[in-house]
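Written below as structure tokens is the structure these notes are about.
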């Protein structure tokens, strides 16, 4: 029952990964008893599962995901939100206000207007309709400050790290508050713009080198070096 | 009213005007992810051909009423820049461009998992910046990479190449002159891992036997091209890996 | 129900199942054409015309000949122009408007068959080299769409060309003057197209409308009277294997001979 690649090898769409009694995991597909890659990425195996960690993929909504989005339109009954996915998401007015919604008296733009950024959670999504959002939980709602970084959503797990090790390290080294949207958008709020810049640098480094090993150490090293040189600069001034 | 005698396109040693052997591809350069705004893009140079391909999507369909309930709508625009050919071409879409847009779309669609993204559109743009024969094939090769670069799940890459008959000889990868003055042109697109032919056209005059031989020639050419396609797709990531591991 | 172009899923399955076992819903074999009815010379105003029925598909082709300029790279040759119109009355799916990709593709496939087989002796249509030549307009007019517009159009176009007569003329002081009498348009070849549809990995010829809606892909092969291939076009969202293509090429050889006999009489 052959496997045609070793773990962590780079594969392209259409590459034959395995033949036989295997399970087709992420970014692969099955044709008869053969499993092929459907995206460019690093192939890996777990028990009988063959999967590919895609190097680049867009976000596909999933119920329960926390996402960061931009309100693009105030429509009747709610807001239409761009969550960086193939589908626009919907946030219903009833989700935000407890009072019954009256089109003439309720002023939706005063709650969220076009251009506002929000943190929300996906409560419903299936093939027949666009994703539905909620902002009812603590920590969700309008974003008032901070800056956004956008990375390809497949790299989000790398930014988080195993058991949150990578993101905890970045928060510690930069002193920033960081909110991660599963849709590839990250909100950074630091005490100074300089702190925020360090966090952005770290995230971009992770995105570019996500397929390599020893990344956590290299990012830590880079942050410390950057902080050190910045302090030197400020001492000189 | 005698017809002009055609110039020699292939000499007695089976060498073509540009020095190539009968079964030789033109020099090829491919680069992926060349445009900043497109979701996916690729650029190809094949001989004098210079072609750019870009993909936007999957995203909401505009206009809305075109959305399909159970799959993504694939749209394709093949277009030649006015300065791409010897005699300036009007920017308005010609009948040829409309036909090519259709057959190119039909060549690429079998490779895309359109069922995964109902009610969305995937828009493919192929811009020919300079043309010298075989532009629909080079365009398909680049567009397939642009789709992969956009992170759209695919069954396989699609690679394309043309073959034909010139001065009585069966050849691979015709230039514009060879196509215009030759006896036959056969463009073909293929999903290489499945030997599935998704584009096939022919114009000219061939016996069945000649046609079979041309197909065989083109399939070999596609195989070589496919290797270059994969290399171009992987190269960005390979480069980063090498730098990091130094 | 008849106005909806979609085939009910149950029927789609039936069509595909039957084909897997070598039969078709209308009783035909996989390699059988529908009945062809051909009438030439139906439009007196046109220089040539033909009306062809392939099963219920109906196509009319008219030819017109006018004087025009030659192309710069072939100054001694007449010009061929093929146009196709999917007339809205032919199908609930045809909308009025400028030619869409389907009508353009159809016109170009018909054009390729005629042009690449050098059917019209264009060198005989020169009036004044580099300045004046005859332009042959072939207009394909689809009147009822019940599948396989390509083969029907190619046959009807050939019939119309064979039916085309040009009035005799002479050049008087650089002007063209009509003389009494007619000359048939000089024709040297007879291109015929055979279109295959792939359904459940099987090839069938001459798909009718509902088979077209169920098919994975289609392949058109146009051959000339010597059996040489002069045009090919794959269409649809599926694919063919090399084997299937070669199989089609061989079946086409045999079928075009039969169809040609229906169009070229005597």
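Each chain gets a letter, A, B and C, in the order it is written, and its residues are counted from 1.
Everything that follows uses one rule, which is that a residue touches a chain if its C-beta (ideal position, glycine included) is under 8 Å from a C-beta of that chain, and two chains touch if they have at least 3 such contacts.
Only a predicted model underlies this, so the values are computations on that prediction, with no experimental measurement involved.
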>> Let me check something: if the centre of a chain is the mean of its CA atoms, which chain is farthest from subunit A?
In response: C
> Which chain lies at the heart of the structure, taking centres as C-alpha averages?
Replying inline: B
>> Taking the mean of the C-alpha atoms as each chain's centre, how many Å separate subunit A from subunit B?
In response: 34
>> Centroid of subunit A to centroid of subunit C, CA atoms only: how many Å?
In response: 54
> Could you state the distance in Å from the CA-based centre of subunit B to that of subunit C?
Replying inline: 27
> Using the touch rule from the top of the page, what residues of subunit B touch 2 or more other chains?
Replying inline: 191, 194
> Do you know which subunit A residues sit against two or more other chains?
Replying inline: none
> Tell me, which parts of subunit C touch subunit B in their complex?
Replying inline: 76, 99, 101-102, 104-105, 107-108, 112, 115-117, 123-124, 126, 129, 217, 219, 224, 227-242, 245-246, 249-250, 253
> In the complex formed with subunit A, which residues of subunit B make contact?
Replying inline: 39, 57-60, 69-70, 111, 113, 117-120, 148-151, 153-157, 191-194, 230, 233-234, 237-238, 240-241, 244-245
> Which of the residues in subunit B come into contact with subunit C in the complex?
Replying inline: 1, 3, 95-96, 98-99, 101-103, 106, 109-110, 186, 191, 194-208, 211-212, 215, 219
>> Applying the document's contact rule, which stretches of subunit A touch subunit B when the two form their complex?
In response: 10, 12-16, 27, 29, 31, 36, 38-40, 54-58, 86-88, 127-128, 152, 154, 208-209, 211-212, 218
